[in-house]
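For reference, chains read A, B, C and D in written order, and residue numbers begin at 1 within each chain.
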Amino acid sequence: MPNADALRPEDAAEQLTAVGRRFHARGWVLGTSGNFSVVTSRDPLRLSITASSVDKGALEPSNIIDIDDTCGVHGGYGNPSAETLLHLEIVRRRGAGAVLHTHSVWGTLLSDSHGLDGGLTIEGYEMLKGLDGVRTHEHREWVPIVANDQDMTRLARVVGITLDRDRAAHAILLQRHGLYTWGATLADAVRHIEILEFLFETMGRTATYRSRGGQYGTAQDS
Amino acid sequence: MPNADALRPEDAAEQLTAVGRRFHARGWVLGTSGNFSVVTSRDPLRLSITASSVDKGALEPSNIIDIDDTCGVHGGYGNPSAETLLHLEIVRRRGAGAVLHTHSVWGTLLSDSHGLDGGLTIEGYEMLKGLDGVRTHEHREWVPIVANDQDMTRLARVVGITLDRDRAAHAILLQRHGLYTWGATLADAVRHIEILEFLFETMGRTATYRSRGGQYGTAQDS
Amino acid sequence: MPNADALRPEDAAEQLTAVGRRFHARGWVLGTSGNFSVVTSRDPLRLSITASSVDKGALEPSNIIDIDDTCGVHGGYGNPSAETLLHLEIVRRRGAGAVLHTHSVWGTLLSDSHGLDGGLTIEGYEMLKGLDGVRTHEHREWVPIVANDQDMTRLARVVGITLDRDRAAHAILLQRHGLYTWGATLADAVRHIEILEFLFETMGRTATYRSRGGQYGTAQDS
Amino acid sequence: MPNADALRPEDAAEQLTAVGRRFHARGWVLGTSGNFSVVTSRDPLRLSITASSVDKGALEPSNIIDIDDTCGVHGGYGNPSAETLLHLEIVRRRGAGAVLHTHSVWGTLLSDSHGLDGGLTIEGYEMLKGLDGVRTHEHREWVPIVANDQDMTRLARVVGITLDRDRAAHAILLQRHGLYTWGATLADAVRHIEILEFLFETMGRTATYRSRGGQYGTAQDS
């Protein structure tokens, strides 16, 4: 991942700030929800990550913390996000160069409505082709849903197990909490967020729409 | 609340203007709805509050009025918001440093649909952790709904009684009118608005979504 | 209406341009839909009105036409809006200083769903107080719905008859077409648009929400 | 189409960049979805088209590729859009000066729900008058829906056959993929996108709204 490795912390801070303002404008990181990270060095591992409890609509480069793989802080103001362990887990197990977490209305709704199923299947949409390595709309994407937990060590372990079990997954939903996705570069991760948030809204609206009686069918309806 | 006490009226005016434009962009204070205040002095109590009948999308610092606890005007143009008494009631009973009132579609819808219940319960959402003092998504938040009233003295009294009765509440809904929330600082109150508006939209869309037959369940469904 | 009478055509053009960009950002005047006018002189009557077929998201002062009460053009480029006769009818019968027409999704939906009723009743909402002369949320607003017609002379006559019949109305909906409202000043008309579009969306979402079975009631439900 | 023919590639790049940012702000081209082209020369045919896999929210003039009718690249960085063959097909068979493809939630939803019908009928809406050559809201617009396909040569052939069969159509939907429309100029094509996206949202919301039991009727209901 040369482009991720080449990144200087000050450039990472600028880029994450722009991402935060962009997602806040869409309503995907309201309150102080959401957190974002990008790898600036592989060996030793160094991560630039948003500080805890900051308003993403007013994000400043100084709100980006430079940390190592033990959560040691090497730069920036404030504490690293409470969910830093999840970012590190994803970076380690997926070799991701960037990890993004959004907290949208539709992601929250689907993580809730499909909670008992343990996940969500998305298939047949052209938009799926924007996910890394997907070549056709006939792709079947499984988005695992993990129960929410305030014990971050335990939650990180469950996320790790889920990443190892569902090796093809491009994302994870935390129930009634939100979306985690990643990419080789920050641009890839941003693309994954936009694609998955689009698909969550489309699926949510389609399910509501179908409630009118389902006289509309599609080739893929069983 | 040092950060609230330290605030100069001219800085308060700048900050409230930015909040107004931000919420107007989201469609939460259309028409001339909504009003915002921040405490600039505790003793004697001084409040900077939006003037009555101003367009929040074109809010200017001159639209912010500097008043005392008898509604006496000490600066700014126009009259203080017609709902100033509600702001003073909240400041007194909660020791709030800022009070914000939005008037969104989803807040209006839920304040209407849950009107007979006298309030609304929100629980199980990670977003609740953004509310002051809440540490887990398992928190159960009760948002009391008060009948709307044009007699501001009477409405302020009912709001006061409600604040004393529901001591854990972070907000109040006025039926078919909108949301009141507050915080130690303006930033805390802004965060509360974004969190509650997010949760109202999520609950409203979930209830509509479930109408498809409820074959989707969640761990917390009874 | 001194503030309307005092307006110079060049100032009117600037103000209408800002209104157009603001409403386009909300999605209320997509395509080249919508048209806006403001009275610059009462006697003789002179109106500044948007040109026909212009993109409201890229509106320029040169797109604003200065016309008289016979639709004679005195300034600006292009032709006055095809719906100029409706603006003149409203200015004459209501003494309006500004007339605004938006074309939103929710306005179109309600003008369709309530078409056979000949109109729409809105009551019990605090937001109604933003309508000129309304003092309480208990106000009952009747918004007449007029069948759409490509014969502008005939449509203007029907609109005129409707204005005379429903003297208390603050607005008219054209079926599957959109909203017309007005005010003593441009600011009043903008406020009326934002209030009515808010109420249309709230009513539309509430009706869809209720489809879940209506176990939610409100004090005002019959 | 003089205004299309007169266009210089550098001006085309500027204009397509502005269109991309405008549609991205609406959420119509999230991820790297959507692609846009404009004819800069008729004979020989030269087309300015967005590069493949670019973020439309950060589109730069350098992302616009200057190609000929054999997809030969004459300027710009990156590869022309994977869907270039569809653009060329539309330009040839409709003599279009610009072709735009968006990928919205409502377009995707309707292309899915009406997939088995082979298309979608839109009628009775004033907004239809913004489509080239349409003079009345009583117009009946048929939007054909073509099954999605990753074989672009085959898909282009099907699109071509559809364009020849449905000669009056102003647009085509690709199932679970999105909207293609065009115009004599880029401004005409932008207007068509805004109109059709508006109508898709209106029809989608109306169908959901009617699910409440249909006690609301309209003159055109059967």
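Just so we're on the same page, contacts are C-beta pairs under 8 Å (C-beta built on N, C-alpha and C of every residue); 3 or more make two chains touch, one makes a residue touch a chain.
The structure presented is a predicted model; accordingly, all values stated were derived computationally and were not measured.
Enquirer: Spelling it out: a chain qualifies if it touches subunit A and also touches subunit D; which chains qualify?
Expert: none
Enquirer: Answer with same or different: of all residue numbers used at the interface between subunit C and subunit D, are over half used by both copies?
Expert: Interface between subunit C and subunit D is built from largely different residues.
Enquirer: To test your reading of the model: what rotation angle superimposes subunit B on subunit C by C-alpha positions, in degrees to the nearest 5?
Expert: The best-fit rotation has an angle of 90 degrees.
Enquirer: How many angstrom lie between the CA centroids of subunit A and subunit B, rounded to a whole number?
Expert: Distance between chain centres: 30 Å.
Enquirer: Rounded to the nearest whole Å, what is the centre-to-centre distance of subunit A and subunit C, using the mean of the C-alpha atoms as each centre?
Expert: For subunit A versus subunit C, the centre distance works out to 42 Å.
Enquirer: What are the residues of subunit B that contact at least two other chains?
Expert: If we look for residues of subunit B contacting two or more partner chains, we find 208, 210-211.
Enquirer: If you go through all the chains, which pairs of them touch?
Expert: The list of touching pairs comes to A-B, A-D, B-C, C-D.
Enquirer: Quick one: which bits of subunit B touch subunit C in the complex? Just the residue numbers, please.
Expert: For subunit B paired with subunit C, touching residues are 27, 30-33, 55, 57, 103, 105-106, 108-109, 112-116, 147-148, 150, 174-178, 204, 207-208, 210-211.
Enquirer: Can you list the residues on subunit C that touch subunit B in the complex?
Expert: Touching subunit B: residues 22, 26, 124-127, 130, 135-137, 187, 190-191, 194-195, 197-198, 201-202, 205-206, 208-213, 216-220 of subunit C.
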